[in-house]
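Heads up, the next two complexes both have chain A, just with different partners, chain B and then chain C.
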Partner chain A sequence: MTKIVFIRPDSEAVEVTAKVGDSIMHAALANQVPGILAECGGSMACATCHIYVDEEWLSKLNPPSSMENEMLDATASERRDNSRLCCQIEVSDRLDGIRVRIPESQI
Partner chain B sequence: MCAGMVIVGAGQAGFQTAFSLREGGFRGPVTLIGNEKRLPYQRPPLSKAFLHGLADEASLHFRPQTLFEKLEIDFLPDAEVTAIDRASCAMVCGAGQTIPYEHAVIATGSRPRRLLVEGAGLGHVVYLRTIEDAIGLKEKVARANDIVVIGAGFIGLEFASVARKLGRNVHVVEAGSRMMARAVTPPAAAFVQRRHESWGVEFSFETTIEAIKSRDHVVTGVRLGDGRVLKADLVVVGIGAVANCELAAEAGLATDCGILVDDHLLTSDPRISAIGDCAVHPNVFARAPIRLESVQNAADQGRAVAARLLGEALPYRAVPWFWSDQGDVKLQIAGITTGHDHCVVRGSVEDGRFAVFCFANGRFLGVESINRPSDNMMARRVLALPQPPTLHDFEAFDFSLKAILDCPRDATPSDFLVSA
Partner chain C sequence: MSASASQVLGGSIPVLEIDPYTDEVLNEPFAMHEEVRRAGPVGFLKKYGVYVMGRHRDIQPALKDWETFSSTGGSGLADIRKPDAWRPGSPIVEVDPPQHTKVRTALQRILSPTVIRAWREEFEREANRLVAELVKRGTFDAVDDLAETYVSKTFPDALGLKWSPERRANLFLLGELNFDGQGPRNARYEETQKRADLIIDWYNDSMTREAMMPSGFGEKIFAAADAGDIEPEIAPLLIRSFLRGGLDTTTSSISAALYYLARDPAQFALLREDTSRARAALEEAMRLETPIQTVCRQTMREVEVDGAMIPNDSKVLILLASANRDPDFWERPDAFDLNRSTFGHLALGNGIHMCIGQMIARLEGELALKAVATQIRELRLEGEPTRKLNNNLRSLKTVPLSVVAA
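Here is the complex of A and B:
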């Protein structure tokens, strides 16, 4: 199990555990983390699972695909250098303790 | 027992209603009645990742069992509501059990339209709607060589792309003159067809089905209206869906190929709402009563009805959007583009990245995009503007959705151009 820390816009931290191989989106939904809508269920069709990954963890992630990169141009909250769609991030051991921030709005 | 919110149907719409009620702070009883054995799950991956073996069953569940318990959502699986006792405000279940409601939400969904030809009842003539269907289909595809898909709509084509990728011979037979004729413009459909053909999928358009041929109850082929016989050991039927509105009709609620609701998603009984695939609602984007079969519609109507039950009564006017993943093609639609009289293609058709802007009488209907997901997202925002731009405005902005969104709200494009 891998620990994931979601930080809400009001700075409250929500800590959840996730199975290796699941997506961060899946972990958020399974634990009722508010602010991750994930309407399309991980099909990269909605951009409602937008997160900001804490800088220190960014280098541990595979870079976004061209499709994800384009989706990130159209998120409801502003795109930043550390923006990602969490449906595209697979939970692995090396992400244990990863901290991600939830944007103000997803739609 | 204290009557609370009772939701009939545990698909996307019913699930969303239950969770939105709890997220919105509703504390009374919430009962979610499903006629399948499993926890509520996502259907879109059934014809895509699940069939391909890229997603397992547990990953399709919207939420784990523990969360239903924690939120005190009383989920009743494998249960059939047989009647609505409107006089005493109760759902009557198969076993004679009654469940009283303060308000009821009907989210019974739709079911595949059945093929009505000789041989259509054979075991290897299959449909795809439920996870049980998908599990069975996956097993059948593993043993099949020659698959005939009847119907060139989203489901049939998504299935065709997966089956072809798994190495099966796939022939799609369609009664209409082109694929996805109901939902997609000719330029986008032509591109998707070329992609399918490049993978080796074969097509017969304007072709009807005469019969499914068999020997000893085993499917051997499909006899077509033009006299040809296509060899087949598996036939997959995707010819549309019909609303599950019998329960509502028998209870005396107004129906017409779906349960009729107003713009607050209320049926002709103010204590009963209907949402999702089974409901015909007045849609501002279609400018007509319409029944939409989509994740967006199911989820947004579930949220809308929950918000209304919690006291936030706004008319339903969510922007419709759709998607279909076929091989490497991501097709997305924002808005209801049916009935367009003018379309403008932007981007590169050769490179497989383009968008089709659709208009009727100069009014913007929506955008279909191929492998340009940000166009879909931006088009949805443009459609949600209080005063959506017209064809004239689009021309002034050279069809840049971004420029339109960046334009100050109260300025018209001509103001913008003058000041620029």
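Here is the complex of A and C:
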């Protein structure tokens, strides 16, 4: 099991454990973390599972695909350098303890 | 409708005497769903010569596995590659990668969440205006007066289809035909086809570039063809898919949501307490109603599903609506509950063919339900709702309501 820390816009931290191989989005929904809507269920059609990944963890992630990159241009809250769709990040041991921030709005 | 689970084909696949397309079953499909789920991971529908799946645990992975469960045989019961049922496939729904990827990418760009968000204000104004008018009347029909009136304005306007007096009726007729056509060639389908034959000229004209206003996303589909992103000949066919699939589905979800909310004042109170639950209410209504009840796939190889072997090149009828109430996946599957997680519902499909218009549907639904929750204090059912029967589209025909203004 891997620990994931979601930081809500009001700075409250929500810690959840996730199964290796699941997506971070899946972990968020399984634990009903508010602010991750993931309406399309991971088919990259909605951009409502937008997160900002804490800088120190960015280098541990595979870069976004071209499709994810395009969807990141369509997020409700501003896109930043550390923006990702969490449906596209697979939980692994090396992400244990990863910190991600939830944007103000997803829709 | 009794199932004889004799063990014949494929060793372990039960042959079922079920007919999913009788009036009785279409009206109340739940016992049929249960029968299919109980029979096993896969059954064989003797009457139609197709396999059938009803369990969530089998259906979700099958929808994701397009290489095995292909859409190229057509999303309905007929195998469109065979001479007796041949027709050109939809260039988005009935193709697989790599062709699919190109078209899907272009459409996804045209219907990006940013584009759709820009329609919010207009949809909201329309929803508020319409609901205010209905509140003033005091009694109205949730389907005809609210859901259909609203969707037949917002969606074709967003597409950019020019208004005409017959636009609304014709679009709903095309939807009816589209979804009847996904079932067998029965009397229901023949009757709808006969009515649709009368509007064939309007239909053909409506998928041309000339029918599109410059502001709509329909024009952008033609522009994508100009730019070489998609083949020019498929642009009108994509418009066709939106004309046929864009209205009835959303209308059905909104009507169902209003019915469930009227039936359950506690749930309506939850929505009124926090109208940001509107999207959850819509999602839950989608799960319970599952406007598109089934989708078909064609096996591209012999495939094992939970121990049952489906032969290569078989048509498989996938009961999305059954998965959406499968008690092995959902707690209290029949309950309408705004607080539940609807993650994993399959009303919009799953995988690469998941509904391309889903974010439009969500925006339309959210704003309609928000307008209702903001302007209405009490929703009361004034009689039993009735249903329209269609081979594949589940929808309410009437939901008589009386309301008290907030």
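Definition applied: the second predicted complex is superposed on the first by the 107 of 107 C-alpha atoms of A that agree within 3 Å, B and C clash if a C-alpha of one lies under 4 Å from a C-alpha of the other, contacts with A are read in each partner's own complex, and residues count from 1 in each chain.
Methods note: a contact is a pair of C-beta atoms (placed from the backbone, for glycine too) under 8 Å apart; a residue touches a chain by one contact, two chains touch by 3 or more.
Bear in mind the structure is a predicted one, so any value in this text is a computation, not a measurement.
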Superposed partners chain B and chain C on chain A - clash or fit: clash
Which of chain B and chain C A:Leu85 touches, first, second, both or neither: neither
Touching partner for A:Asp22 - first (chain B), second (chain C), both, neither: first
Touched partner set for A:Gln32, first chain B, second chain C, both or neither: both
Which of chain B and chain C A:Val100 touches, first, second, both or neither: neither
Touching partner for A:Ala74 - first (chain B), second (chain C), both, neither: both
Touching partner for A:Cys40 - first (chain B), second (chain C), both, neither: both
Chain B/chain C common contact set on chain A: 29-30, 32, 39-41, 43-45, 47, 67, 70-71, 73-75
Touching residues on chain A, where the partner in the complex is chain B: 22, 26, 29-32, 34, 39-41, 43-45, 47, 67, 70-71, 73-75
Parts of chain B lying in touch with chain A, wherever the complex brings them together: 23, 42, 44-45, 48, 59, 62-64, 67, 70-71, 295-296, 299, 323, 325, 330, 332, 371-374, 376-378
Footprint of chain C on chain A - complex, ascending: 29-30, 32, 37-41, 43-48, 67, 70-71, 73-76, 107
Chain A-touching residues of chain C, taken from the complex the two chains share: 105, 108-109, 112-115, 117, 279, 283, 341, 343-344, 348, 350-352, 354, 356, 358-359, 362, 366
